[in-house]
Every structure is written in structure tokens, then in C-alpha cells.
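After this come two complexes, each holding chain A, first together with chain B and then together with chain C.
After this line comes the complex of A and B, so read on.
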């Protein structure tokens, strides 16, 4: 059955942002996530159900990505479509009619200016129903502390691209744990590994954004 | 005034392997460069240290050394507040490598005299086993075209500025390195080609089930075709993975193009030990794994990327054709 919510899920899966978007070529001139999300709201679908439909699309994207069936560009197009749909849901989040699953505070650690990987993870986690606080690049440990206090119960995500800057992950974890010993901290980035995660006493490592969302979902459930 | 004519280039390419250099950043870190500082800024603030890195590779046997200008485009430099110094940073970077290459020349060829002109540029110097060529390093901007973070025109201008400055500083050629996005690689290649210098275009293959695609999903055959179209004189791969993964890459490139291939693998993958990053591969292991790249894979130019150092290049350069 091809409901409007199914169509919305497919727009996220294939990265169809709006009707004018040229991508993907085989969905040319069809309504995109932007139009369909708005219409679903107008037709009276509860915001929570619309969000679930969006998340379902994002799940397929994450699975394909971690199975190496798609690459970063497709992931980014899906995130773009997600963003377009979420704009319409914003009032529902503000009024409490739709709820996010939790808050994720993410940043590239001090000394590292790379943001492509961090942005992809942030977009994917946001598209999976979480509020994401993105602190950007070259983030000092103290900046994480400020956000942790603002968002009780949040999960922290640290990113680094360089072998020389991933050392700063350890310092960041140490500073956070000094005052917040139970803070949950995830790490990721090209040089980072499960072994490194254990060595610096972080809680979780994933080589792909899908793994991070699975971890967050386990914590939230 | 092109230093390296088409003919010189063909002569150079007819004698594989041509030995390249290894990592520069780690040499500068040993000399005190801190994480978070733009390595390229050292061209102005610590020229002697940059010169020493270049000289170490020339002495190790590099026939071509690169320049300390990987992140020297103004879009990358802007993150460090250095955009306005893009031209001088690149020009100085090329001058320093030029100086390192020529110092190697005067040390090694006693009879050739101090003048580079007297010794002759290009392969004739190479043939005498002395000196080195300088290829200017051009890395990615770190900004994504498809997300609208930067326009193609801005990118083209930034790469054009960098390429011209490297040429002004005396580069014999240019190397586009570590590209993940084919559109960006093509823009950089076109900008570099417009200087008239020989241009090598490389991408980084570290994704997909067999680590044979770039992060953006580009396969070697696609890269070879588009970069050759854009005017590259040679194509290839650098960084991302260790030498074992480069043999299949060489073969995929070889099947797609007749251009010379340029290969700079990492020294394996890094491990983390007692607060330090370590690469476990030894120089001899590296040299043993790189050898098949030209013996079986059709590569012409070989060197190292992350984790490699002058000892790795020396191991490569020692009796490479045995």
C-alpha cells in the first residue's frame, strides 16, 4: 500500500529533497520530502508518525552505508531530504507534540579542524530522531562540559581525523570524567579503533554512523 | 618556462621505479610542530626545519620530492586565519624544496658545479644519480561541493592561485593528492594543468567492501578516465591504506589508462600504544610490499605517505631493480 508515509520513507531512502531537486534522476518531477511532510501534516497525520516514517528511511540508508552499498554522497542527499522534512516538524517538537529520543552532543576534538565525518554522523543521528548539538571543530574539553550541564542525560560524541589529534580524545575524556564520572562518551573517526576506545576509557566506538545510532537506541530504550 | 619538457618527462617515465618521498608532517612534528598548527605555516616561521625535511628525503634517495603545501589552498588556510598568505606560503614552500633538491645536487655530484643550470634540469640530473625534482603538493580543500559549502568557481580560483604560486617558487611539476571527490579532483587538475607544468592527479581509496573506492564512492577506472580528460600527465593513489591494498589499485588504474601511475601508500595502518601513534611496518617490509607495484602493477612512481619516513625511502631506493 503506497501511503503518503511510505512515500516519505522512500524520499529519505533515495535522497529526494523536494519536487525541484534533480536527484535522484528516476524520481524527477515527483514530490519530495519537503512537499510530502507538509501534506502529511495537513492531512492530519500525527507528527510522531511522520517522524517514524522519516527515521525508517534513514535506517535503510544507514544499513546500506554500513554494508558498503552506498557511499557518502547518497548519505548526504538523504540527510538533506531529512532536513527538508524536519523543518515542517519543528513546531511539533517545540510544542511537545513530537518528542526526540535524546540529545547527542558532538564535536571534533581540540587541535583538529576536520568536519566531514563529524557532519555525516551528526546528520545521521539527527535523522534518526535525536536532538544534535554540534559544537563544530577544534572543541576544547571545557566546551563539552558546558553542553553536558545544559543537556542532562545527553550522550557525547568525539571525532578526530588525524593520528596526531586523536590523542586529544583521551584528554577530553579525562577532563569530562573528572567532574562527570558517569558521562557516556562515544568516539569515532578514521584512525580510531575499538582498541583505542578501550584504552582511553570511552564507552563506545563504531566505524559507521549506523552503529552509533544502534548504541543510542539501546541506551534510550 | 617549463623546466620539465614533455620529452624529459617521457625519459623520466621510461625508467621505473622513480622514487618519490615519504611523509613530511611527522618529520615536522619531531621538530616541534604541534597538532592544530597548519604545517604549511612553517614555510614562513620555521623554514630551516622544512628545508631539513626535504633534504632528508633527497639524501635518502628521492628522485622527486614534494613541498610542504598540502593544505596550502586558501580555503583550507582560512581555517587557520592564513588565507591571505596563500601565495607566499606556496611560493616559499616550493623554494624550500627547490633548495633542498639543489643542496642534494651539489653534495652528490662533485663535478657538476654549484649551478643547477650547468648540471641540467630534469632527467639528465636524475641519470647522474644526483639532485631531485620538485613537485608541488596540492591537497583537498576539506569543503564539500555537493553540500554547497563552496562553489566550483571558488575552488577553481583557490587551486589556480596555489598552482601558480608553486610554479613561481620553482616547482618542476604539481601533484594533486588525497582527493575523495572526483569533481574537486577534476577542478584542481584543470587549475594545475593551466600552469603548463606536468600534473599528477591522485585520489585516496579507503572505502567500499574492498577498500577500492574513495569515501565519495569513486573507483579507480572512473578516476583515471576523468583525470586523464582533465589533462593529468600521470594518475594514481596515495594515503588511505597500506601497500598490500595498492596492488589491486595499480591493476585497476592500469586497465583503465596508459598514463604513468603514481603510488604512495601508507606504512600500513596506525596503532595506538601508550599514548602514542605507532606504525608497526618496518622500512624493509614496506619496500618489499611496494616492489610488486612496479614489478607487477605497472606503477612508475613509488613513495610513501602517512607513517613513512626517510628510512622507508632509503629502503625503496636501495637496489630497487634487483
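After this line comes the complex of A and C, so read on.
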């Protein structure tokens, strides 16, 4: 049955942000994630249920991305659709009417300006029910400390795309661990590997966002 | 044989003493020469000096004008900062939306410092090394330049949401690049590289829609100006390699993320070769000399012998001189002859 929640899932899958959006062409003039999320709330669907619909969409997106069926542009459109829907859900999460599974603080390490991968991971994790604090690119270790103090129990995610900034990833881990020895940190980015993750004593490496979500879900359960 | 003769002979299927060796060096070259990266990017003499020293010390067959992607972007109005010893950073002046991208006007390379520097670099090369090394100029490809002007995420979404506006901007980018190409060839470039790395991220459909035709226009322009063309797209390009070859570029760069060149070698025209494809990190930076030798041999075999030896992309700054020598030596392996 084509319920409003199914439609919402499809909007995430195909990156339909709102009614006016030109993408995708075959959903022209149809309601997008923005309108549908708002209507679902108005119709009384609990925010958690709406979030599940979004997650279902994200799962398909992640799978298609891994299988090279969609690429960065389509992935970013799905991220945008996700954001549009989340804007309506945010008040419910903030009031406590619905629960987030935890907080994820992510940033691209100092000296590194690559942010597409980080953005994709951030939106995937947000779409999986976590609050995401995105510190952007070229993030100094001290900026992570500030957010860790603001969000006790959060998980930190570091992204690096350059071999020359991987060293700053290590420095960030070191600086965090000086004052927060038990802080959970996961790392990723094209040149990063499982081996490097162990070398710098980070807790988890994943080559893709799905792995990071699975890790967070294990921690949260 | 010198680097220029070796490269030309190899491209023309004539006998060579060994395959050409064309590793992409930028930050590595600056570091080897002890040149602050700002000087490397902004002072033609400093860049050429570092490149020539590396070419001599490590027996490379080529020199290039590469350092960072911001030359054309600065000519289009992007503001760029040059930290003393770090990579340049774009700090503002980007196109705010696709509609303004559609109104982009062509630039005159002679009126921009970075573009004039590139021309000056080619003149330094002509004066100092003449035809001893294969000298390569550079332009950003249509998609890469659009990404530099709009920001990667915005540019990506424009391709889907505002295709006409993005296409209009890319036409202007291509038109300007064609002018810049002619000026570089006049200054003595034997070859012009087209850097369009972001194409590996957009999938084959958008590549065909936005990049292929314009890259082909650039290749034709390079040929018409009397130089050879090289097409550089790093990342996994397996899905678009047939089209990359069909642009007619003489040298097609292949990155290590392409599992093998073997399925594609048959598509090369007689004048075309691959250049690639060792992993700059796990093999050239972190591997042993034996790993490097094995990788070079395997790739060369997979390419049916039609492969200039290089890494899939830039040599990382932390690669040791020892590994670079090992990389060069791998080219002498009997299997590559």
C-alpha cells in the first residue's frame, strides 16, 4: 500500500526534497520529503515511526552507493531530502517526545578541506536516528574537545582524505585521549585503513557510512 | 634517449630503451627541493627549479606545471590564500548559485597572475631544458573547474537540479581553457594535461552528459594547437574508461582504484597509451622496493605494454627518496621492456 510513510521512504531514496524541486524528473510536481514529513506529523504519525521511514530510505541509498548504482550527486540529493524531513522532526526530538539513539560529533581533521565523504557519513548517521554535530572541515583537536564536553557520551568521527593530514588525525586522537581517555573515536576517509586506525589507537574504522552506523548501533544497544 | 624522445617514441610505437617514467610530483617535489609550498605555487623559477632537480635526481622523463587546482579558479574570481608552507586554500569569491554560474564570463589568461605564471613556467622549461624532458602544461577539465567555482557539494547537486545552468558555465570554462591551451602550447608545452578528477565521483551518465563532449573538445583543441593530450581522472574510472579513451587523448591516466587495465587495453588506438597506476600510498609510499617492482610489472602486463609508468595520482610528500628510486628502477625490470 502506498502510505505516506512509504512515499517518504521513496523521497529519501530518490532525493526528492520538496514539491518545487526539479529532481528527480519523474517525481515532478509531487510532494517531497519536506511536505510529506510535515503532513505525516500532522496526521499523527509518531516521530519515531517517521524516522524509521527515513532510515529505510537511507538504507537503500547506502546500498545503491556501495554497489555503484548511484554516485555522489544522487547521494547528496538524498542527504538534502533527509535534511528537509528532519527539520520537521527536530522539535519532537528536542522536546523529548521522540528519542535519539545518541550523539555523533564529526569533522574533517585540521589541514584537510575534503568534506563530501564526511557530509555523506554525517547525513547517513543523522538519518539513522542519531544527533549529529558537524564541525566542518579543517577542525582543530581543541574544537572536538569543546563538543565532547558539551555532549557527554558522544562518539567522535574523524575524516581525512590526505596522507599528510592523517598525522593530524593521530594528533586529534592523542589530544582527545589526554583529557578523555575513554572517548570512543571512529575514523574514515579514503587513505585511512584498519591498520592505521589501530596504530593511532582509534576505536573503529569503517570504509563506509554503513559500517559506522552498525558500530554506533552496537554501542547504543 | 632523453625523456622527451623516449616518451614520443613510446607513444609512436617505436623502440624504446625502457618505458617512460612520469610520476606526478607536486608537494613531493617542493619538499625534496626544500621549497616552501607558497613559493612553489607562486614563483615560476622556484617551481621549475624543484621539478627539474627532481627530474634529474630521480631520472624522470617529464616535467609539469602542476601544483594546485586554483589557477583558473582565481582567474574566474575565486579568492585563494597561500599559506607559507601549506596547500593553497580557496577563501571566497565562489559562485553563489547555479544561476550566477550560468552568467560566468570567460577570462583572459594574460590578465591573471596564476595563469601568466603557468605560461612563464613553460618558458623557463623551454629555456632551461628545451626538448630534453617531456614538458606538460595543464588545464582543469569542465567538471573539476565547475567544482572549484561552486564547491563540490553544490556543484554535484547542480548537475541534477540545474543542468542547463551548469552546462552553460562549463561551456564558458571550456572556451576559456581552449584559449589557455593555445597560449601554453605557444610557450613550448609538448603536451597539455586535462585534470578532471571529480568525474570519478559523478557516475557514467552524468560523465557522458557533462564531461565527455567537452573533454573531447579540449583534446581536439590541444591537437589542433600542435601538442599531445593527457586526460587525468583519478579514482575508480572503470565505468567511464571507454569514453575517456574515446576522447582521443594520447595519454589516459588510470588510478589504482581501477582494478585492472587488462579489459581496456584493447580499446586503445595505436597512438594512445595508459599512464598509471600504482597506489601512491600503500605501494609507492608504504611498500617495499619489491612491492613496487611487482606492482609496476603487473600493471604494465595488464596494459599490454602500452603504459607509461606512474602512480595512480600524486606522489605523497612522505614518500622516501629510496622508494622513489625503487619506483624508477622498477621501470628497468625486463618484464617492462
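The rule is short, and it goes like this: the second predicted complex is superposed on the first by the 221 of 221 C-alpha atoms of A that agree within 3 Å, B and C clash if a C-alpha of one lies under 4 Å from a C-alpha of the other, contacts with A are read in each partner's own complex, and residues count from 1 in each chain.
We take it that a contact is a pair of C-beta atoms (placed from the backbone, for glycine too) under 8 Å apart; a residue touches a chain by one contact, two chains touch by 3 or more.
This one's a predicted model, so the numbers in the text were calculated from it and none came from an experiment.
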*Are chain B and chain C a fit on chain A, or do they clash, once the structures share the same frame?*
clash
_Partner contacting more residues of chain A (chain B vs chain C)_ = B
*Now for A:116: first (chain B), second (chain C), both, or neither, which partner does it touch?*
both
*Touching A:76, do we find chain B (first), chain C (second), both, or neither?*
both
*Which partner does A:170 contact after superposing on A: first (chain B), second (chain C), both, neither?*
first
*Mind working out whether A:203 is in touch with chain B, chain C, both or neither, as first, second, both or neither?*
neither
*Where does A:18 make contact in the superposed view: on chain B (first), on chain C (second), on both, or on neither?*
neither
*Determine where on chain A the residues touched by chain B overlap those touched by chain C, and list them.*
68, 70-74, 76-77, 80, 111, 113, 115-116, 163-164, 191
_List of chain A residues in touch with chain B within their complex_ = 68, 70-74, 76-77, 80, 110-116, 137-138, 162-168, 170, 190-191, 193, 195-196, 199
*What does chain B use to touch chain A in their complex?*
25, 29, 34-36, 79-80, 142, 144, 146-147, 180, 206-209, 213-217, 270-272, 275-277, 306
*Residue numbers on chain C that touch chain A, as the complex places them*: 27, 86-87, 89, 152-153, 156-157, 159-162, 201-203, 206, 239, 280-281, 285, 316-318
*Parts of chain A lying in touch with chain C, wherever the complex brings them together*: 15, 21-24, 68, 70-74, 76-77, 80, 111, 113, 115-116, 119, 163-164, 191
